[in-house]
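One chain, chain A, appears in both complexes that follow, with chain B as partner in the first and chain C in the second.
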Partner chain A sequence: MVKRLVVGAHYGFRDWLVQRVTGTVMAFFTVYMLVRIAALPAWDNAAWRALMSGGFTKFVTFLFALSLFFHAWIGVRDIWMDYVKPISVRLTLHAITLLALTGYAGWVAQILWRL
Partner chain B sequence: MAEATVRKARPKHLNLMQIRLPLPGFVSILHRISGIGLFLCLPVLIALFGASLGTPEQLECYRQAMAFTLLGLPVVKLLLLGLLWAYLHHFCAGIRFLLLDMHIGIELAPARASAMAVLVISLSLTAFLGVLTW
Partner chain C sequence: MTRTVKFKIYRYDPDKDAAPYMQDLSVELDPSDRKLLDALVKIKALDDSMSYRRSCREGVCGSDAMNINGKNGLACLTDIDSLAQPITLRPLPGLPVIRDLIVDMTQFFKQYHSIKPYVVNNSPAPEKERLQTPDEREELNGLYECILCACCSTSCPSFWWNPDKFVGPAGLLAAYRFIADTRDEATNERLDNLEDPYRLFRCHTIMNCVDVCPKHLNPTKAIGKIKELMLSRAV
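Let's look at the complex of A and B:
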């Protein structure tokens, strides 16, 4: 019988790389958005809405959100793996984390493409 | 190999209150704490983001949330200020980790200096952006 790990860090290098790629994407997005917001004609809701309604802004904001959720999944999973030892509890937390992040992705898409 | 090494019983200090964390370790644990804080507050952040771009009723909810006070304290704004720090710390410490991955600043002295820079820059940026957007 093969002994399989239900949860555990057996996907090290790929996740290490994903963490860095998504982090870099978010860092560039942060600077880009700060510049766009600083350049707004006025700091009111109309200008904010106009900025977020732009096709390119929606696209990069959604990319940011997906990077964030992927990044959060790896980071939070590592925290569960460090501090939660019983496998049943750990697996449950992993599942809840993944379900929440998947739901958030749909929520952000809905906010953006309603505009 | 008959090498007898007498092992001295060393004191173990696994008590978190007794371990003195070096500055880079401090930045590292704050990276983790800021990350989990941001993760836990994601629903609040997405809800506020959505309300700020939603229907006039939702926008009104957003304005009320921003003006909400508890015992005279603007708790939502204070939470957002805390999350702003968490984001900026995570951002600065993340860039530091990327540089360390590229073997930039891995000697002891630069590593300590960059850890200090992360703390100072993220706190300064929080104060600057906090005042600007309050």
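Let's look at the complex of A and C:
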């Protein structure tokens, strides 16, 4: 096969936008959690459980986890794209990253919704 | 009164040297020698094997871009007395060295040409010229002044890692210069051309380009405007 340099995958904008939106979600979640933790009546397991099992907290925590994983997917993929040149190695790393992050997302949901 | 200025200069002649080395030297300067280029001219007179590019000596041609004490800049615009000694001169980083301070700019210009740096307008030409309002013309300020010295692109880590795929700050500034030009009719094609994880989106707003630009231009801002246009096209 002729070795040619090819660019023009016609994506990138959506990922860039997703990183901005997920970054905002994570920033909002950080502030929300700091305020809620500062307002905890006591620093014990019961108070922590009550906070984390609240409907809204569950909702935003799940959103935070998804945002983190989407954000991390784009960020880590960019690192592979910058530093790993052989396509086969890069594709393998992309797949491992995606699979690991998907697994983590399931794990987070399981922990969160058990409360 | 003359003064002595110490230099440490990157030297490499592929025909003679097995590897690059740094040469220490001192040069006597006259009071009228105020810019770094004046000193390089004196050094060239002492050792004519020392090679660098230069032409207009007033910051217009962009030939004498080099890495000066770790920061890219034009020798002809840099005051000697503002620099800590020994003044360390290296070729622009990230591009292949041809000899001493001369680099091969092929890759840089390839990226520049890839954005089609000319107005694309297939409408019939008017009798005199294609007019712009003063406001439309205003939008091109801060974009058209680029002298293609490559200080910005060669200070950009994203360009270091992917010079063959990332357009680089100079090319993207030029891309926006034609996107912003109301006489150009190829905006959509230009945005399509940049909608790529490498060509545009390798920019991580590190802003080294803004820091080093000898013409005080802002490629990061231009890149932001390209992304804004993509956003308004997409949503």
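Everything that follows uses one rule, which is that the second predicted complex is superposed on the first by the 105 of 115 C-alpha atoms of A that agree within 3 Å, B and C clash if a C-alpha of one lies under 4 Å from a C-alpha of the other, contacts with A are read in each partner's own complex, and residues count from 1 in each chain.
Criterion: a contact is a pair of C-beta atoms (placed from the backbone, for glycine too) under 8 Å apart; a residue touches a chain by one contact, two chains touch by 3 or more.
If you're wondering where the values come from, they're calculated on a predicted model, not measured in any experiment.
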In the overlaid three-chain picture, which partner chain does A:M52 touch, first (chain B) or second (chain C), both, or neither? first
Partner touching more residues of chain A, chain B vs chain C, is chain B
Under the stated touch criterion, which partner chain does A:V35 make contact with: chain B (first), chain C (second), both, or neither? neither
By the touch definition at the top of the document, which applies to A:L17: first (chain B), second (chain C), both, or neither? second
Have a look at where A:I79 lands relative to chain B and chain C in the superposition and call it first, second, both or neither. first
Any idea which chain C residues touch chain A in the complex? 158, 161-162, 164-165, 192-193, 195-202, 204, 227, 230-231, 234
Give every residue of chain A touching chain B within the complex, in rising order. 20, 23-24, 26-27, 30, 45, 48-49, 52, 72, 75-76, 79, 100, 104, 107-108, 110-111, 114-115
Contact footprint of chain C on chain A as seen in their complex: 5, 7-17, 78, 81-83
For a test of understanding, state which residues of chain B touch chain A in their complex under the given definition. 32, 35-36, 38-39, 42-43, 46, 49-50, 52-54, 59, 91, 94-95, 98, 101
